[in-house]
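Labels run A, B, C and D following the written order; every chain starts at residue 1.
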Amino acid sequence: MIIPLQHILIFSLLLFATGLYGVLVRRNIIGILISIELMLNAANLNLIAFSKSTSLAPETGQIFAIFVIAIAATAAAVGLAIVLALYRVRKTVYTDEVNLLKW
Amino acid sequence: MEILELFSKIGIYATMALVLVFALGVVALRNLFHCALCLAAVLIGTAMIYVALHAEFLAAVQILVYVGAVMTLVIFVIMLTEHLGGKTIRQTNRQSPAAIIGLSGIVVLLGTLLMKTPWPVTAKALDAKVSVMSLGKALMGTYAFPFEVISVILIACLIGAIVIAKKDVSEKGPS
Amino acid sequence: MIFGTGILKGLFVTLKNFVTSYFRKPDNGGIFTVQYPEERDKAIEAFRNFPFLAYDGTPDKVRCVACGICERECPPKCIHIVMEIDPLGKPARRPSVFEIDHGLCMNCGMCEDVCPFDSIYMDHAFEVTAADRGKELVRPKEALLKSNDYFLKIRPGTATLVDQKRRAAEEKKKLSRAATLPPQGPVS
Amino acid sequence: MSMPPFLRDIEFAVDLSLVNAKGWCLDLLGHFLPDWTVVLASIVISGVAILALGPLVMMYLTLLERKVIGRIQNRYGPNRVGKWGLLQPIADGIKMFTKEDIVPAQADKIVHFLAPVVIVVPALMVFLVVPFGERMTAVNLNIGLLYFIAVSSITTIPIFMGSWASRNKYSLLGGMRTAAQMISYEIPMTLSVVPVIMMSQSLSTNTIVMTQVGDLDLHWFIFTPWGLVGFLIYFLCAVAECNRPPFDLPEAESELVAGFHTEYSGMKFALFYMAEYMNAFTLCGIATTLFLGGWQGPFFPSWLWFFGKTFALICVMIWFRGTLPRFRVDQLMGFAWKFLLPLTLINIPVAALWFFVPERLAWLYSIAIFAVSFWGLVKLNCAFVPEKRIYPLAD
């Protein structure tokens, strides 16, 4: 590896924090979903970095990353389908306007 | 040849900085379409870092699946739900200061932890070359069961997404 | 019938067209494009574009008598005629000014129909251009005058008919003149 | 079968002339410059060659297309600028450069500007892994084919950017159609490539060409049943991927003005056009590499073979454009999902069995399987066809 492991970890930590911030403060559901993609991406980066530097079986990290990508794709597909269904019924994609079950 | 190594180092750090800027764009921009484009940039930048970590196959998969498929889906849904003008109404809720404070705490804590932990970096892992062939063998051998589970999940989610997003034929829907 | 034969048939037709375009004659399914500035189609006789003034023999023998009928009948009013005044102050029965604004003319052919003196006819000119929009498109008499031979060349059918008619009218005129007043002197 | 040795030598020298020229340049540089500049220079030379090749290919593809379409319609095509119209692309370029660049008043200015710039990038990036000739691949990636598929799948995003930023309903509809079409056709395209990967056991484009090696007895993959079916599927998907007729719904002139590039003029429009033609070229180049033996071929230098095969495929695309009318949207999607996708899924096991069965038998059963599945798919896809109407009074 050209750059030390710690730098990559710090980078992915910052990426993860940015994603988490987006999840916490975004009002738009699609915005929340794409922030989740950011977080998953940061996790993937960690997996790759560890598999490249500390792992005993070098394929493991990459295979887990492939699984994560697959899961992220399914999450995006189902989540966006839910957003579409919600939009069709409530005509909004903002979380604080969807408060029927909340008092 | 050291100078080339220096160039690639500078390149990697520059990519990281750019990725972080675009990530901020993802969470902070008001126009959702711009957010999605920033996310695409982040994903491509991460793929470049994967290449730097000698995970070319994963980089290609990342671009193919994330940028090619997931991003298209996201942009499609944005087009369907947003108005063409790209409204610039408030996109964040009132938790933003609290979130910033809490998150900076987490970042500082985890950052110090990361720097202090002695990571067991092994020469064997550093030298290992992961070819597509070995990945495929691992996927079909050691990880055959999770692989099958993933395929079942994919099928289930495919059907689920179609069922959820399908228009109800029986009723006309709210007017 | 096998699925897709229609598509193959269509593809074969275009392929045939492509190949034959290299060695077939235009009337046989080859390229019929005319490479315009170098070669051009022979204009058909009935083609009419922009009027011209016919004269007999030399340009000073204009058939037009400046009667002004075409000027009056022209729907877009693109003709302007001034009759010539001879030194004695009498009208000379020929135009001193005869202008047609090609920017206005719509090639209706009314002038040709109404002219009682077989003077104005539709031309085959289609390459009429000008560098500005105003003055240059107003064609003066000099540009409009064309000989009867030219008329015979571009529209042989109409021109021979007109010539026959004019000759007959002249004969008749001569005869009637001979009948009314007997010759007084030697006729040249 | 075999050529005299001196001919072979000459052929080899001509074949590698471009490669040798580059090596000679680098040697010259190495004499008086440090090592790392030589590496940089090598990258720069390859890069410049590709950056020059892309637009050049695009320019002359437009000319070729106009000429061939003209001939199909019994016209000459452009023949005024230069001999046989050879300078026509340059005239077009000058015209494009001098045109006014119009940005709609309500447009999203930045994205509207970025879209045509971004769309050229993947179109140029895929040139990296195309093997133009023996030892003439710019970067011999070990995941070359996957790289090609991944990078060409980015193309949807700039199309989205252009269509969204224009604030125009035609653009938006065109963009939506493009996304749906490109994603649908990407799946059968990727799957039709899988048998080739299985047979050559590599993702590197160079290795794939090398497994089809043969002097005059051709080992091209197209001469096997699975290769033929795979090639047909790949080629149809490639036509759909670069939005060419009969799959040109995204820019259907008669319905959507010009689809996603309705609001673009001048050089920005030219960039969209350029990306489209370069994509057509690379898709045909990869089809050549995968199924037609790449740069393999006797007598002529390898790069000549590659370009010959690729341009032959492009001519077929142009031939399609001159012949076939446009699909309807539902027919287009149905064709991808209900016909091409099942056929590719059948193609993969057939190719796998090919590996283990003696050749004569393999031919028999694969032809049988393909005939049956083709017939079955056609039957299943047959939509309701109304009875042919008879007009008793008309005759």
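Keep in mind that, in the parts below, a contact is a pair of C-beta atoms (placed from the backbone, for glycine too) under 8 Å apart; a residue touches a chain by one contact, two chains touch by 3 or more.
All values reported here derive from a predicted model rather than from experimental measurement.
Colleague: Go through C-D and B-D and name the pair with more C-beta contacts between its chains.
Modeller: B-D
Colleague: Could you state the distance in Å from the CA-based centre of chain A to that of chain C?
Modeller: So the centre of chain A lies 80 Å away from the centre of chain C.
Colleague: Averaged over CA atoms, how far is the centre of chain C from the centre of chain D? Could you give it in whole Å?
Modeller: Computed from C-alpha means, the inter-chain centre distance equals 56 Å.
Colleague: On a C-alpha centroid basis, what's the spacing between chain B and chain C, in Å?
Modeller: Their C-alpha centroids are separated by 77 Å.
Colleague: Return the distance between the CA-based centres of chain B and chain D, expressed in whole Å.
Modeller: The mean C-alpha positions of chain B and chain D differ by 29 Å.
Colleague: Indicate the residues of chain D shared as contacts by at least two other chains.
Modeller: Within chain D, no residue contacts more than one other chain.
Colleague: What graph shape do the protein chains here make by touch: line, ring, star, complete or other?
Modeller: line
Colleague: Which two-chain combinations qualify as touching?
Modeller: The set of touching chain pairs is A-B, B-D, C-D.
Colleague: Name, in rising order, each residue of chain B that touches chain A in their complex.
Modeller: 5, 8-9, 12-13, 16, 19-20, 23-24, 26-27, 32, 35-36, 39, 42-43, 46, 49-50, 52-55, 57-58, 61-62, 65-66, 69-70, 73-74, 76-78, 80-81, 90-93, 95-96, 99-100, 103, 106-107, 110-111, 114-115, 119-122, 124-126, 128-130, 134-135, 138-139, 143, 146, 150, 153-154, 157-158, 160-162, 164-165, 167, 173-174
Colleague: Show me the residue ranges of chain D that touch chain C in the complex, using the header's touch definition.
Modeller: Touch residues, chain D against chain C: 68, 71-76, 319-320, 322-324, 374, 378.
Colleague: Could you list, by residue number, the parts of chain B that touch chain D in their complex?
Modeller: For chain B paired with chain D, touching residues are 1, 3-4, 31, 33-34, 37, 40, 44, 56-57, 59-61, 63-64, 67-69, 71-72, 75-76, 79, 84-86, 131-133.
Colleague: Of all residues in chain D, which touch chain B in the complex?
Modeller: The touching residues are 34-36, 39-40, 106, 108, 111, 141-143, 146-147, 149-151, 153-154, 156-157, 160-161, 164, 167, 172, 175-176, 179, 183, 186, 201, 203.
Colleague: Can you check the complex and tell me which residues of chain C touch chain D?
Modeller: The touching residues are 3, 7, 10-11, 13-15, 17-18, 21-22, 29-33, 35.
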